[in-house]
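Some notes on the structure that comes next.
Residue numbering begins at 1 within each chain, and the chains themselves are lettered A, B, C and D in the order written.
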């Protein structure tokens, strides 16, 4: 169930985040860029879950990885406790990593197959120099219990677990250093429906107990709606709309959000809704459309959209949208 | 595949010696060693080349057979082979038209690499069969410590090896549309 | 009676021989598909839904697979046909599209070639005519400028486009039955909406029967008329789509429906959870296969296997206690 | 106090648990190894050849160097099991002592290249700039056919057993480094490496703690092939007169001696040849067997 969050205390502020990957020709000269993340600005509050939704290739995963500096950002700032962590050197950033953890999508490759799971859970503590060997073992066993596994499974190898169980182990590893923020990159999308609900509930229980914030990246709107306080909608590297969950579902403003929401199949055959089908495919992130990135597929596109980039503007309290229709 | 494993395990000079023992010494069908140029007559020329050629070729054949087999098995487990079966395509057509071309890419790589093995094998085989080729030349210059000749021959072989691999790289584009450059 | 049903699967059982011994991936599966109808087969991974579809097409490795039961297509048992007769059915009267559009097309052949191949094979058209038809099929599936596309290779087009090409291949010979195995799982929701619409339109146009295999109950609710729910190789419930969602009978179906977060669901409630995990096919539980995870299970469930019972005209269920569950459901 | 006791008890039962698990796993592994016909056949033959080489002085009656001018080119008999050569030396002794040379060279080349290849491969997979330099260098070395390169090196350094090892290490290290590198590149893309980077793990921890254990299977398989290739090349070099210098026995130079008398003394070709073939074949069998055992996907491809 959803717990209230601290609306006044932004824990992490992302400003104008950009990540371009260079494309080199065979002589090593950069000829163009994959513009994976273009312009991302948001705030994450204490104890909050912020959902980021978008389709494959919209840059949501790259965004998460860039915040953790798994790949260096091209431009932008990330203020954590008021300090720009993108400016930190490796040594200083290591202390930030303790507070910023990540959970990955693929439960099968996110654990080292040659390491006992207890070892995998302890490793973050070892890197951060937390506790003695015995204390770490104690914490790891405790965490195994917390995520619904048994302490005596400590010495087992990943291949002895199912996908859902491995995802729990991944979660335990992220929790081991008691972080403030966990970036969840599609944590349930590789799981079966009945297992998915187990992990979602676990995520919520852990948040209740340990009071972290989640940046919850996913493509499944119904999952995000269930877990997130606020949702940002991403398209081609841009956040096009950001609103509280209820507001977004009641009143989606951006034409892309509207199409996305209407495209989700509803498991109720008596509801016959009209879908907004947007035609065509997502353009290549190497050759971004001019102006508004969505204008090539937008049913409401105007001449202005082709030339002028819309900025995120506040249309209601806690509801911003980047679209010329609402300026 | 026992044949293939045996094939890659037998050193070329040993195979040459054993073939010589069987076909020349015991059966007396072919000359033991030496070389006669084409001017001595085509049949005689070929008679002298037959055993060295088999010796060199057998090992390459085993290598390529091994590679072809594993590559084909990889490709036959691909999804698009299932699509072809679901279309009602005949098994033969699936194997020859859908699978073989895609399986050929790694085989081609091996062929390029084995060209080097082939040249190296030629050095040894020439010594076994007393053929006055570039291999003999290298061996003789090694024993005479004639560094200039060694340098020259080694460079010649390396250049031809690189050239063959260049051709292999170009052939990739013919076989695999994904690496064809600048189609648009 | 077989004349009324396009496809009738009776007590299908598919057994694989593996290193660790034989496993039965599909056990006693029975259902029918009528012309012009979409039958959904739902279940989680490992429930045997894909094996069922590949058994109908007999696409599984002949040497290690044993089929039992009947697959009657227009009254003819496909399991008894010889290979040549079966090939004439595949891609012609029964077609299939697969989950992963990225790897289901041959990378070294042009799109046109791959569509034309099936047309030449079954309709004995000339090459040129077949390419013309291929172009038409591409247009029908909504691909812009098909005359250019037929000369392109699969790596040059997007995932959504590739799925359209696969649909074009499947529908090129106007099949009577289309089996779609998770056709939209690998696609984004907006592309999924396009593809589902396309399949629905083409079904109307060609009056074909469709088997839609999916794990997504949302997709089921949107496109299917009837639904078969599978668990660990067995059909555990079969019903009309409305009834399945309004009055699910099997505890597994109920659990599944309650465990998915819904767009209009109550967010203050925790999600329902089906405890435990799906057991492996090597260790199928005794009795009812769902019993170890079922909150209603008693001695009977753990010792004896229930059969698929007719509840009413439209609903069948494999559960010892469905009546009790039904009454509880009705009382509250 | 209470909690500490609990911890001790808990960790006691757990280490018990750990022990049982490892015993169970080891038993399972041994059963799988014994079920693999290729490993068993290759292993038994290699073991047998090593025994012969190890106990060479015990099982031979003659010295491999002893010349008996009265006993030239004698066919196999009860005294000279494999016959004698054109100097009257006992072929059996020479073949058995030759096995020592082949095995020692094979094993030392395999071990040295394993270490060098592991280092170069791992680091060039991890550091892209180093990769550019190292792999171009490896490409350069690999552009020469291996026997040719070995001959060239031997020509410079002169025929000596230690030089054969050095030449083979130079020839085979790039091959092993490439195999390690490509396996490591695959592992590097796995999510658990990314997870470790997200934790701030050092390059050392990632390379040796996470990548290395996972590429070990490919390395072991490759090393068995290096072992067999080294024996082949050593024999070839000795056959060409660029390897082990006479009169030291080596399978290669026995075969070379036999070539000139192939008409009259078949035993000089067949016996050392058979040993060479068996040794190479069994190590290839072993390699294929280990590959199948460690990589379940290749099972299909080789049966």
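The rule is short, and it goes like this: contacts are C-beta pairs under 8 Å (C-beta built on N, C-alpha and C of every residue); 3 or more make two chains touch, one makes a residue touch a chain.
What you are looking at is a predicted structure, and each value in this text was computed from that prediction instead of being measured.
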| item | value |
| --- | --- |
| Selected interface, A-D versus A-C, where C-beta contact pairs are more numerous | A-C |
| Whole-Å gap separating chain A and chain C, where each centre is the average of the chain's CA atoms | 32 |
| Computed distance of Cα centres, chain D from chain C, in Å | 51 |
| Centroid spacing, where centroids are CA-atom means, of chain A and chain D in whole angstrom | 48 |
| Mean-CA-position distance for chain D and chain B (Å) | 24 |
| Contact graph of the chains (line, ring, star, complete, other) | ring |
| Pairwise chain contacts under the document criterion | A-C, A-D, B-C, B-D |
| Residue numbers on chain C that touch chain A, as the complex places them | 44-45, 158, 160-161, 188-194, 196-197, 215-222, 241-242, 245-246, 255-257, 259-265, 267-274, 277-278 |
| Interfacial residue positions of chain A with respect to chain D in the complex | 65, 68, 70, 90, 93-94, 97, 101-102, 104-106, 109-115, 120, 123-124, 127-128, 134, 137-138, 141, 151-152, 154-156, 170, 173 |
| Parts of chain D lying in touch with chain A, wherever the complex brings them together | 7, 10-11, 13-14, 17-18, 21, 190-192, 194-202, 205, 210, 213-214 |
| Contact set on chain B toward chain D in their complex | 1, 5-6, 8-14, 17-18, 20-21, 25, 32, 69-70, 73-74, 77, 116-117, 119-121, 123-124, 127-128, 138-139, 141-143, 145, 147, 150, 154, 157-158, 161-162 |
| Residue ranges of chain A touching chain C (in the complex, touch as defined) | 1-2, 55-56, 162, 164-165, 192-198, 200-201, 204, 219, 221-223, 225-227, 245, 249, 259-270, 275, 277-279, 281-282 |
